[in-house]
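Before anything else, here is the set of structures, which you'll find just below.
Shared between the two complexes below is chain A, which pairs with chain B and chain C, respectively.
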Partner chain A sequence: MIPSDTQKRGTLHYYILYDWSRGILHRWPVFLASALIFGFAGLQCCDSYATLRMSGEITALPSFLDAWIYAFKGMAVFNPLSNQPFNIPALWLLIEIFIAYMVSSYPYTDLDGVGRQVLVRSQKRWHWWFGKCIWNISSIVLFYAIGAISLLLVVLLKGGGGLTLHPEILDIWEMQMQAPAGSWKIMVFLLPLLMSLALSMLQMAAMFFVKPMMSFAAVVAVLVCSAFFNTPFLIGNHAMIMRYALFTPGGIEPLPAIAIDTGLFLAALLVGKLRFDRYDIY
Partner chain B sequence: MYIELKDLSKSIRGTTVLQNINLRFEQGRIYGLKGPNGCGKTMLMRTICGLIRPTEGTVDINGEVLWSKISFPRSIGILIENPAFLPQYTGLKNLQMLANLQNKVDTQQLRETLTAVGLEPDDPRKYRKYSLGMKQRLGVAAAVAERPDIILLDEPINALDEKGVQLIKALLLRERERGAIIIIACHDKEELEFLSNEIIEIEEGKIKGQYVLEKDGDQDE
Partner chain C sequence: MRRIVKSEIYRAFHSYGFLLSLAIGLVIAVMQIIKNVVPILQYVDLVFLYPDKAGNFPHTVFNKWLGGELTGLYSHLYFLFIPLLAVLPYGDSYFMDRKTGYTKNILIRVKSSSYHSAKYMAVFLSGGAAVIIPLLVNLGISALLIPSVLPEVSTHTHAITAVSMWSALYYSHPYLYLAGYFGIIFLFSGLWATICLPVSFVGGNRFLVLLFPFLLYVFINSVSDFFGFSALSPLHFLQPSQSVVPANFVVILIETILLAAITFGIFTIKGPHDDTF
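Moving on to the complex of A and B:
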């Protein structure tokens, strides 16, 4: 796909097509890997619930929503003062770190290679930055879409499906519903997505201040700290379904989480633009 | 068309890499930058094309100041350090991809440029299969393909065989005739002096010397 018709549609349009082509189509193995991660999560979920079904602990087949919650449940609130060991939520962390990896290299390598030829011709630094922001949003939405489809396929193949929340399955994780699910059924999809968008935008903006490896490490640190500390200001908490107010008294409420994530996303977008406007490209 | 550098300096983390540069470049002339490795030639080119922001001083491109009115020169082709292209595209497709941004030239003109640097426009090989010399030729082709007013070439004849060197030299002389401002950094003193109307010597980020070379057909020298 070669972007064209720039005179009619402008350089921002060119950048969007260019980044979709380079940063998504030509990086298909990354998205294939995301399908494998979620496929693996779905299989793990279905198999562990099948074992519990055979032992009579549960009767229901997992729904798509049960599988989604399995992938994004994270961990219960950790009390550092307790004697319990801190068990890192491996699957949740794998998914979140994979997103950080996904956005870590492309903008920087683009600027180090053919991207600088494109940048000089485009005449506008802010078009390059907004192009990368749109690429970032597109990549993450696609990642979640692939994740959802992979989980759904696995659940359907294993005989489950639907959007029912099964309390008996939630009980396994000691997740007691504190209120009717209602709009939470949307929030369990929306909040992890918004958190990923905010965190990856921060990561991308940070690349103009520190090396990409450092910004990647900072994101991993935020995620690990989020698992350790239960506060809405460590935004990893917004993507851990076990800590939502639906399941945890005093847990993450959707509106403050949405406000924080949106605020951080917009701040990163603005800081990135201002920084890139004056950024030296070696 | 002109480029005027006024009191240009650049410091990076406390180290001065360009110091009080005052230069004027006129159209239809080739300027050769000469100096040892790390003297500031590439940094000067990056500053002229808008990739680097000067710590002090200005880069005036035909009355428009970089980092003030414009971010990059309006019409410029660059080959700075190693050429970089999309590995999964052919040479022609890479040039098309870049040329589609400004739509100044058509495919036929891009094909002519590729031929001028000694590359076959219909070569089905992808860029990743190119030899070092072919990559360099494509880098020069990309810099001149859209007939820019300003052409910056950092070591354009690196890795080229004798035939390649002759083709690039002929192409640059034609671009000079067209009226482009061409700035070249090159370690080959002989080739640099053959091509250039003026030599600018740089040492430790400062202009050490500047001299005009007599050329056949030059009217102002």
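Moving on to the complex of A and C:
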């Protein structure tokens, strides 16, 4: 039986396509900005390499992995008794806050506008919510993919490339590699992505309890607290490569971090759905 | 003109956003006192019990309050939140006035230029007040709990050094130094809130209007760090402790003038000439 036009509009895949169109294609400047931010990070990394090459401290050219670690290295564990000023790395903060901004506006503004008509037509609230969850995942994955491509392009243009990690640059960044597990390269790419997925899903669910500005502010507070306290339960730590057990004794272990991120992601998905089922739309 | 200014200021200071902004700021300010000031109260009297003990120096309010901390989480959080706290009271009001049709009703009663000037003034004052009040409350409570002992450079517990802005004033008249800094913070927070006004002309939604100043703040911090000019970042120079980099008065003055000229210029020139429908 061929579904009627109205039935087609009520299906989940219609929602997904609708969100991809309105939430991603129509918001292309946001993704262009992600390319610029990561391109800027790549330039920063290559620039520091060039300075070190001139001073003879390093001979190699930057690799893609070096640039990725540079973008997500974050900061070393902060000791409040050290009498050193607390200063969050500006680049890391910019990337994470930009992701929070990317997630903050679309679901809420959609519900205030066209999305409300679509919701009435579909007659299924959970379709709207799952559509937004898939939009959220797609946006974050696309953000990281565009970021990785931008970093790679910058590194290639500067004559570097590859996935080799140069120990000399680690010394300069004051990172010491502990005994690495076989899958550490995957973890370095996977954990920041998982953290962003979990945090953005929490932010999206929180929007239906408090206003979007408040959920945005709460995410910023989580990020700042994560930089201050070294604990896997403040999930901003999962996106700071410098704090991984790979580089810091007693640091973030990959498996518990994956478990926490996945747990938070699923909890936010479920709580968001339950909340949205009872959410007043007017 | 006077009536519209009064009306706009009344709306700004009686808005839900102003209360919310104050509440967030006060929570951070009070948490800082509970976590960082109250625990040291037990040591305040020790110096008087053992006055002859070499190296003993009493705790002073000037490096313990929210703006004077060297390594504090709360001070970093507060100064990072300044653009959010400043825009919450009234930053999106122009965008919402246009969206809801309020502007149309106002403009048949008052001159467009008066309305735009009053709006600018209200956003500026509410933004500055929302940021400065929690800081004043924190300093006030801290001063009630810890003595205002004149800072002593040899204790190495203050971030202000010879190259810091107004360092001589800090070590001789610290409250005067703080008064000057409060002026800078008020001015800058107010101006930062007014960024929302020109953004309202192009911003497609309320969140972009409200979040743009914050994103710009973080972006400037990132770019200035990259080029090695951290003193250009408001996140650094607005902290009275000057803990990350020494502030530079000329930089602050130029940024303030630029910000005021751009926001006031665009808003008061484009605003009255923009179609209202």
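By our rule, the second predicted complex is superposed on the first by the 270 of 282 C-alpha atoms of A that agree within 3 Å, B and C clash if a C-alpha of one lies under 4 Å from a C-alpha of the other, contacts with A are read in each partner's own complex, and residues count from 1 in each chain.
To be clear about the criterion, contacts are C-beta pairs under 8 Å (C-beta built on N, C-alpha and C of every residue); 3 or more make two chains touch, one makes a residue touch a chain.
Quantities reported herein were computed from a predicted structural model and do not represent experimental measurements.
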item	value
First, second, both or neither for A:Val118, with chain B first and chain C second	first
Partner chain in contact with A:Pro80 - chain B first, chain C second, else both or neither	second
Chain B versus chain C as contact partner of A:Leu94, first or second or both or neither	second
Contacts of A:Ser138 with chain B and chain C, given as first, second, both or neither	neither
First (chain B), second (chain C), both or neither touched by A:Thr164	neither
Which superposed partner A:Gln178 touches (first chain B, second chain C, both, neither)	neither
Contacts of A:Met213 with chain B and chain C, given as first, second, both or neither	second
Chain A positions touched by chain B in one structure and by chain C in the second	none
Residue numbers on chain C that touch chain A, as the complex places them	24, 70-73, 76-77, 80-81, 84, 88, 156-157, 159, 205-208, 210-211, 214-215, 218-219, 221-226, 233, 241, 243-244
Residues on chain A engaged by chain B in the complex (per definition of touch)	2-7, 11, 14, 18, 22, 26, 112-114, 116-125, 277-278, 280-282
Residues of chain B defined as touching chain A within the complex	12, 46, 49-53, 67, 70-72, 74, 76, 78, 84-86, 88, 93-94, 96-98, 100-103, 142, 146
Residue ranges of chain A in contact with chain C within the complex	40, 44, 78, 80-88, 90-91, 93-94, 97-98, 101, 104-105, 108-109, 212-213, 216-217, 220-221, 224-225, 228
